[in-house]
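Down below are the structures I want you to see.
First chain A sits with chain B, and in the next complex the same chain sits with chain C.
== the complex of A and B ==
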């Protein structure tokens, strides 16, 4: 990569062209180089997403099973009727939505606390705290799922023994035999694994709050709670919104922990798992594609609501603010 | 530095302990499980009663060897290649975004954002079908390509944020001082850009290393199956035995290197993630 190719003054300037023409020449050269450099990344990104989703949309219009590929025939949206009238889909949709809402809310509070801890920590503790908070981020989601699964498992787990003084928990409690308790462990592992990410986004927002404002409020006699409510939070609204949107979209795709812990049993099925089981488990490409497209539309819908209704400022997230 | 009151000291001590327990307990618990004897798995204790390395022998030399070792090789190879390709492409793109003035910058960054929120499962179904038709199913390349959808967007974002902060005038200053343009680039810019590229590679590697959906959907044998997917296929030594110990040991083996990287580079990772996400 030779940066000199675009260094100012490197373009042709001696041939006596009018100034304006020279400038537009240079602009065109710069644009061309820009696309030469950024083009490959751009094309790859489109190729690995736009093409598959278009293909999924196309496949979703056919009755198409890999077990009987020659029977592939156009059925004009019949797959969508089948999926949308199936209570299994709505059950998975509901569970996914519940997981998304609860985990994002809990992570927002917990993540903000951790961000404050990292932001305010005295120097001797800062490294230790930051490293500890980052550990869950670095751990493979599947590994975290197994760790939480074994901890709560009725046979190998220690949780039932440690917490048998809590009403409702005793050595015979099988966490993964009921919907509520299964979802509790699934959400706990999801929260543990992804809170570090949200807390880092919030930390970035926190460090943008002008320190003078906080000091001024303190001088004026505002309590810590008032300062948080009136000064800190309003100033990091953009960061909070971006963090919530990112996490919500991520939580909506939840797959790994559910697959490992319950594989969708006892009313814990989620949309991604349903799509996986339909197309890759049962080879029903047509139906599976329809679910994939619906899941994609849900994600678009969440983005639309966030940007239009809650005015999430993605420009600030895009690094342009 | 301000001196702390005793109350503040106690408060920080409590906070530190709480955060450490919260962040590390699940990791320590799976490490503890990995050292338990298979016959003592169900005692319900946190620590092993008898410490043993049986589980590690099983995954490196015993019955789970043929499942774990190829998966480890696949995971390392595929993640490294996907990271390398993403970082090279992203470095070129981020350089253009940070340094050049051209229409389409916004489009590229918005596309990266769009790709990063794309539901993976929506990509998997058509790829599964296509890969089977063109022979990429269950191959390294068949995973490297979709992994780019995970690693490329975040690499572009993180690097663009890093590159925006580089004082590019240094390059011209070096040239004025008599350096050739290549020298100026190598001596003035590369040392400033290298930490950003390295941090980006680290973050991209974590993401590729973490993948499960592609790994379990687009592979069927040990030819390309990565570790997270392989963990789901572990079985006990006999059909009456749970694979708990072997899975825990394998989980620890793939976790330790990542934890060490986090320990060594926590400062860079924090700045990389926060800059890439919210304006730097």
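== the complex of A and C ==
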């Protein structure tokens, strides 16, 4: 990683310290070119992310209802007090956290399995397999949410009829009338839809594991399980951590599935839906912005924990480490 | 190089010509934009009829709003808060009218127009278009729920709802005795508020006692005999399974599906179920005998001696306060709501007119044999609470009265009163 922090053309002094102060012309030109290439994108990113974030933070300090613009007044953090002292927020937080943890874990295991299948598949089958596995990921989340909703719906669904041999499932089971069953369908749909994403990231990691290492281990008499545990997994740790981080950030912002299937009924409210209902539904811009800011802080928190504590190295996952 | 220049000149000339053409089309009569809720094409047809009737004075184009009423309100409120001048006429769901009228998002309706558009209009529709004793929207079509029943079930229970008004207790007993399912809307959605409001109003109460009060002074009327009677009915239907296993997720469409099955008995629902059931029979997905077994009557009573106050819905037309052509928009809206257009809309799209005259139209009587019952129901219909904070009140009710089986007359009215009051004071989240 240290080496990647130094410009490729830079020379090192005798004691190994980079002489950043006296870079060659070429290094300077490359750095400048880098800024020219990345600069515009960087400015656009700032404009479309920093501005709304600051605006949301500013709005969150006011008591402000869109249909009563003249009553807008500064209330100095009162919105945060209301949100953080309300059990509705903590219930939504808990449900969001549960959904995030369970779906990411299941997706990781399933995704790894699918990545192995894609990696080891016979050359002729590889294309077909990859396409088949990627199909769910290509479906729009709202569409997939509706498909799952109608499959489990008590009136139009087929699940109750097809699976009535499973204990607990009968034609009178209303999946969307209880917290546990609703969350089950929401998570199942989420897992079905995004496992391909994780498996793609893991496939990239798998293909980076040098074949010689595995062969050497095999020659030494390692079993398949030992090879997986001792050779493959340690070598793709970076890819796994990046996959987990990306999915966790995504899963924490879950919205579509819950919105379509239950709209937060029966204790299935999640943070995004709460923020949506407050700012868009109730038009309470101040209170809603406060929830959005808190949601944003949670996401930052997840990033921080992953990058600092678990030392996820985003660069090495791209093969630059 | 020269050839390239010539090519560029040609392109520029073409672009200029196109721009001029675009300008030319704008210099004609003013174009009014009517934001409509999705329907079966009726409003588009009425827009073109009124464009023709205006004889070149103005043209009406339509823009379609989202499917459900809550999203329609969200879009209109956001646009109007940003002073969108493209909104000339809008189709509004009545409960949200006070919220848009209070901050001055709706252009005032002059007295002479108000007088003209309320003549021969059912009372429920006038109430729904009024805020602070002023008409703020123009009644277009008015909806109400009827009691739909399977004649075979009613007969077996010794009831004839078309002759003698029935009570909730009677239909609950009938369904329980015959092991049938009642069609009521128990989903956590607007339809639940519609049900609660109709029950509370039928029992002689109101969900909000002072609808015009500011948010922190709103007083709820749920902790009353009427509120407890409503909770008793909803709770009993939920706990005893009278609404079937689908009750906690049943909206209007799901209720209709249940009613059409063999275990259907009584259902409260909007008149669209009649055209939808007939269409399904025509398609062959339902048995033709079903239609003959369906009867209709006025909404059930809570109290035997008190007339029911059925739900009121529909669409009223608001005029955008920021429109550049308010006068034309008012004229166009008056054309849209003419009795002929309302009759056309009912006969083709199934949306009952607000004008009593339109019910006498032959096409209407043919398509909807229950038209007279609908008109009678509309005269007694009670609007949902008319307050600028309707969304909070409605969502608060749905939070506390769902699932139906959890509703308890002893606790639910108090819980929901406390909750909604706290939300309105900005002390709790929804």
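By definition in this document, the second predicted complex is superposed on the first by the 279 of 321 C-alpha atoms of A that agree within 3 Å, B and C clash if a C-alpha of one lies under 4 Å from a C-alpha of the other, contacts with A are read in each partner's own complex, and residues count from 1 in each chain.
Definition applied: contacts are C-beta pairs under 8 Å (C-beta built on N, C-alpha and C of every residue); 3 or more make two chains touch, one makes a residue touch a chain.
Just so it is clear, the structure is predicted and the values come from calculations on it, not from any experiment.
Peer 1: Just checking: does A:48 make contact with chain B only, chain C only, both, or neither of them? Give me first, second, both or neither.
Peer 2: first
Peer 1: Could you look at A:265 and tell me whether it touches chain B, chain C, both or neither (first, second, both, neither)?
Peer 2: second
Peer 1: On the superposed three-chain arrangement, identify whether chain B or chain C touches more chain A residues.
Peer 2: Counting contacted residues of chain A, the larger count belongs to B.
Peer 1: Given the touch rule stated above, what does A:157 touch, chain B (first), chain C (second), both, or neither?
Peer 2: A:157 contacts chain B only, not chain C.
Peer 1: Which residues form the common part of the chain A surface touched by chain B and by chain C?
Peer 2: Touching chain B and chain C on chain A: residues 66, 155, 280.
Peer 1: Residue numbers of chain A touching chain B in their complex, please.
Peer 2: So the residues of chain A touching chain B come out as 1-4, 6-8, 27, 30-31, 33-35, 37-38, 40-42, 44-46, 48-49, 51-53, 55-56, 59, 66, 114, 117, 121-123, 125, 127-144, 146-148, 150-151, 155-158, 160-162, 171, 189, 192, 196-197, 200-201, 203-205, 207-208, 238-239, 242-243, 246, 249-250, 252-253, 255-256, 259-260, 271-272, 275-276, 279-280, 285, 288-289, 292-293, 295-296, 299, 303, 314, 316-321.
Peer 1: In their shared complex, at which residues does chain B touch chain A?
Peer 2: That would be residues 1, 4, 12, 15-16, 19-20, 22-24, 26-27, 29-30, 33, 41-42, 44-46, 89-93, 95-97, 99-115, 117-130, 145-146, 148-149, 152-153, 156-157, 160-161, 164, 168, 171-172, 175, 181-182, 184-185, 189, 206, 209-210, 212-213, 216-217, 227-228, 231-232, 242, 244, 247-248, 251, 254-255, 258-259, 261-263, 266-267, 269-270, 273-280 of chain B.
Peer 1: How about chain C: which of its residues touch chain A in the complex?
Peer 2: 70, 74, 77-78, 81, 99-100, 102-103, 105, 187-189, 245-249, 254, 257-258, 388, 391-392, 395, 402-403, 426-430
Peer 1: Spell out the residues on chain A that touch chain C in their complex, using ranges where they run on.
Peer 2: Spelled out, the residues of chain A in touch with chain C are 63, 66-70, 82-83, 86, 88-89, 153-155, 172-174, 176-177, 262-266, 274, 277-278, 280-283, 287, 291.
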